[in-house]
Amino acid sequence: MNPVAAVGVVGGVLGAGAYALAVLDGAAARGVAGMPRRWADVVVEPARDAALLALTRRSTTERPDAQAWALAPGLLAAMAGAAVASVPLAEGFAVADVADGIVLFGAAMAVVMVGVYLHGWSANSPFPLVGGYRFIALALSYEMPLALVLIAAALPAESLSVGAIVASQAGSWNVVRQPLGLPLYLVAGMGLAFWGPLDGADGADLAGGTAAEVSGPARLAWELARRFVLVAVALMGAAVFLGGWHGPVLPGAVWMALKTLALLALTVAIGHRVARVRLERFVVVAWAVLIPLALVDVFVSGALAL
Amino acid sequence: MTLQSLLVVSAALFGIGVYGALSQQTFVMIMMGLELMLNGAMLAAVALWAMSTAGAPKGQLLTVIVMTVMAVEAALGFALVIGIYRIRKADMTEKLKRLRG
Amino acid sequence: MSRSLAVDVAFVLFAGGAVVAAWLVFRTDSMVRAAYWLLASFLGVGAVMVLLHARFLGLVLVLMMAGEMTIMAVFMVMFMMNPAGLNPMTMVHQHGSAKVAGLVSFAGLALVGIVAEFPDRPRTSDADPTAELGVELLGDSMLIFETAGVTLLATMIGSIAVASKRGRFGDAEEGSGPPPLEPTARPAPEPEPAMEDHDHEGMHHG
Amino acid sequence: MGVIRRLATRAEAPVFPVVGAGGRLRASELALLPGIRLVGTPRAASVLLIIGDLTPALVRPALTVHDQLPSPRATVWWPVGADRGLLQAWPGLVTVEAGDAEGLRRIFAGLVEGRRASDPPLLLDIEPARWRGEGPYGQGGTGMTGGVPFGRPLPGRAPDPDGLELDQLPLHIGPLFPPFPPGLVLDVALQGDVVRQASVGENPFRSWPGGPDPGPLDTGAFVEALTTPTGVAELELSRARHHLRWLADALRVHGLSALATRVARLAATLAPTDGPEVEALVRRLRRSRSLASATAGVGAVDRPAADLPAGPVARAAGAGDDARTDDPAYRALGFEPVVHHGGDARARMHQRLGEAVQSLELAGRAGEAVRAPGPALEGPRGPLRRGRPTPSSALVALVPTALAGSEWGDAITTVVSFDLDMEEAALSEVAGVHS
């Protein structure tokens, strides 16, 4: 594909997904809060907030690591873009259906960890730094389940390419074949986008964590970047577990969009219903429960695939 | 991208790694030097695999083994740093003049 | 732009970036930057591997190193003085000989790379290199692969044993001070923190 | 006016609140006001909203926070109660009637449209100490890291529970840290995410030259009832509201801010007929596994009951003292104190939820019953007795031991679960309270 078109498609998917996510989140927040809502307002609200941030001056701290600070949101966005590029958006249409798509996804998500830590570290301020530490403690513990459930999903397809994995779900979707996969994947994915109950890195108890010191366009970039990551996670989840473009009547691209939106809505709902997890307790759960479950998932899927 | 250029790059990485491993005083920085040396070795292995062995799968296997070595080196390195730090409160080589328990 | 030219440009960028980043690892005062320059170097090498069609290996290298370098960064912040490089300083010793050693090994290896006649047999097969690697790992070389796995397992157990507070022989800190002067006495307290120790005043010279 | 500017003008105004003397009740309703969004860090705010009166010790922190707001920024003051003149000198301050969200939005819109100039910085932006390249390697001092770069020593080291010596960051947090009750200052030593030590700093509400002189307290109705006959229904409704306001704060800290807004609205409009809605909410929160795991075992206070000041915190640890048991008006209603066991943040949450339900139920049954003035009255934070310490001042003393060794998230949960009020804590005894 023409590079310009490729960047356009990836950017369009990420942008539309992030905006949809913001609208869903605003609608859910108003619903839970019992605030009166006008749909027009809910739909425009993210654009208004973004415009305000764009007009606000960016502030700085005393002696930040300025380059790393600026790099962090870019790193997240680039990794989300790389992940999106490898996902087929419709039958036979992926920006780059590389043969090792899910390994690419795993590598991209590992680099996301670097981006978040850099964002916390480079502000030269205590709360962001603690947020960065928190993210590492959490992220290291769900990298493993994430990799394992993706491997399990690749087993029936006998390929690491996302396109092949989607094609292998023509009969039944992986969410049915591997019931453990999607829940584990979503936990890890929400954690990597520090969303909902796993938002320790940017939590309210740290006055915003790694984002405590950013304002204006830098804040906008960061909020966008983390939503991009969540959109990439949802898109990959829709492809790998929900059968991607497979579905009756509607064209494949529409199915893909609907499934992605459904996963995003699910994460939003979880975010408003589930309280923030305790860091230490969750790390124990991740190592002692999630990883063994993911191993079970791999073994069972492997046995079934034989 | 020729085999020669790839090997020169891998030699450069290896050389910088040698310099780092010998010149640094902090354990972790020394580990970084070692990793750089392995990095160069890995690049050379892949280059030879792709350009000189007609893509024999054993070449990739060699790289996997180098990666394993890297993981082992990192894990043991970190463990030893913690162990030494716990006992001696030292994180630099020069603080370990006496190597007894 | 033809495909081979694009590959060449990408190669120059990634390989050059990897070497420059590797050099910067030892030129920065900030520990986090050092770790992430090293990661950048690995990213460059990973990209070159992808250019060489070793996609799986390149991506796995990135996957592995992103985690490892982050751990390294945190390690250095935990254990080392001056993690952010606010105090300019150099922590090198035997700088001159290290430079010579580095240069010599570079020159030697580069010379071998340029002069030696390696067989010119580029990869021709159209087979997926990842699939080839998989067949190799679980076919002919399974024993080697399994050995690597067992090595990793042993390393994990060993490093936990070395690093944990309570090792096989009890509390790690017990008896870590200098031996007592009298046979019946309790172990002497731990040595002073070595920061003021005058042993290493020479550590700065370069 | 460009599209972006027109969009931005209609955004919700991001507000960072500075709660001064007497401002706490107003602050609890902020989340309900249309067109305003509460933010957790000054970097995300456009409007610095000062609610109530600043005490001398709050001025400097407020100025610091002001300068952390990115421009365009404005400062709005909602006066509450007495005005002692400290804020008159604040340059660029706009006074708006307390609770007037529309007035605040007008200022915000003017700011975004460019009709109103952004506040200039109020403090000098200088480094606390000039960095000088002293020492043989320019490291700023003697020895390898002997320097004090930019006036700040590198963190010291301290043993950690794993037997290592690791960096320890000394931090001074408060008095305007949003998850804390307004005015709480904590000096903590953080090792990574773990609080090694904590101590409570000087209470800024004590800083008036003539001694503490707080504004209207959020428990004012109860203090007044010590001396004037008050309807039981009214008192119990206030108590239920108080507990719900606390619940809203706690939920916000646990990352459930939308639910917190719903609870805050319920608290603001609570009527005795809301019993079913409150009970449904309480059932839902009690069932929530995530909330249970976020609070279970956190901030447990042991019960050598003598140390534990009476009140909901003690009742959550199994001590059944409640000043209402001896009150004839309550005895006539058959009052039995609610008691929970465990003494951790979870028990305290359940305790307050239980008391809110009970209070609402009492308020519904009390009818016209009136409580005669008496020497002691159970306030929402503990018993109010004339001449005796206020409940908050006793609770503040629990904080340092409860925090030591906990993770930062747990530390916040603990602080919130004590339901402190630093204005009340500034008063050493209840007689000095006026409403």
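Letters are used for the chains, namely A, B, C and D, taken in the order the chains are written, and counting of residues starts over at 1 for each.
We adopt the following convention: a residue touches a chain if its C-beta (ideal position, glycine included) is under 8 Å from a C-beta of that chain, and two chains touch if they have at least 3 such contacts.
Model, not experiment: these values are computed from the prediction.
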Relative to subunit B, which chain has the most distant C-alpha mean position?
-> D
Which chains, taken as a pair, are joined by the highest number of C-beta contacts?
-> B-C
So how far apart, in whole Å, are subunit A and subunit D when each is placed at the average of its C-alpha atoms?
-> 33
Euclidean distance of C-alpha centroids - subunit B vs subunit C, Å | 5
Just give me the whole-number Å value for how far the CA centre of subunit B lies from that of subunit D.
-> 52
Residue list for subunit D, restricted to those that touch at least two other chains | 150, 163-164
So which stretches of subunit A touch two or more other chains?
-> 63, 133
By residue number and range, which residues of subunit B touch two or more other chains?
-> 82, 85-86, 89
Listed in rising order, the residues of subunit D that touch subunit B in the complex are 163-165
Listed in rising order, the residues of subunit C that touch subunit D in the complex are 77-79, 81-82, 86-90, 165, 171-173, 195-196, 203-204
Using the touch rule from the top, collect the residues of subunit C that touch subunit B in their complex.
-> 7-8, 11, 15, 18-19, 22-23, 25-26, 31, 34-35, 38, 41-42, 45, 48-49, 51-54, 56-57, 60-61, 64, 68, 71-72, 75-76, 79-80, 91-95, 97-99, 101-103, 105-110, 112-114, 118-125, 129, 132-133, 135-137, 141, 144-145, 148, 151-152, 155-156, 158-160, 162-163, 165, 172-173, 175-176, 190-191, 193-194, 197, 199-200, 203
Subunit B to subunit C touching residues, read off their complex | 1, 3-20, 22-26, 28-29, 31-33, 35-36, 39-40, 42-44, 46-55, 57-58, 60-61, 63-65, 67-68, 70-72, 74-76, 78-83, 85-95, 97, 101
In the complex of these two chains, what residues of subunit A are touching subunit D?
-> 28-35, 44-45, 47-52, 54-59, 62-63, 126, 130, 133-134, 137, 196-197, 199-200, 203-208, 211-216, 219, 271-281
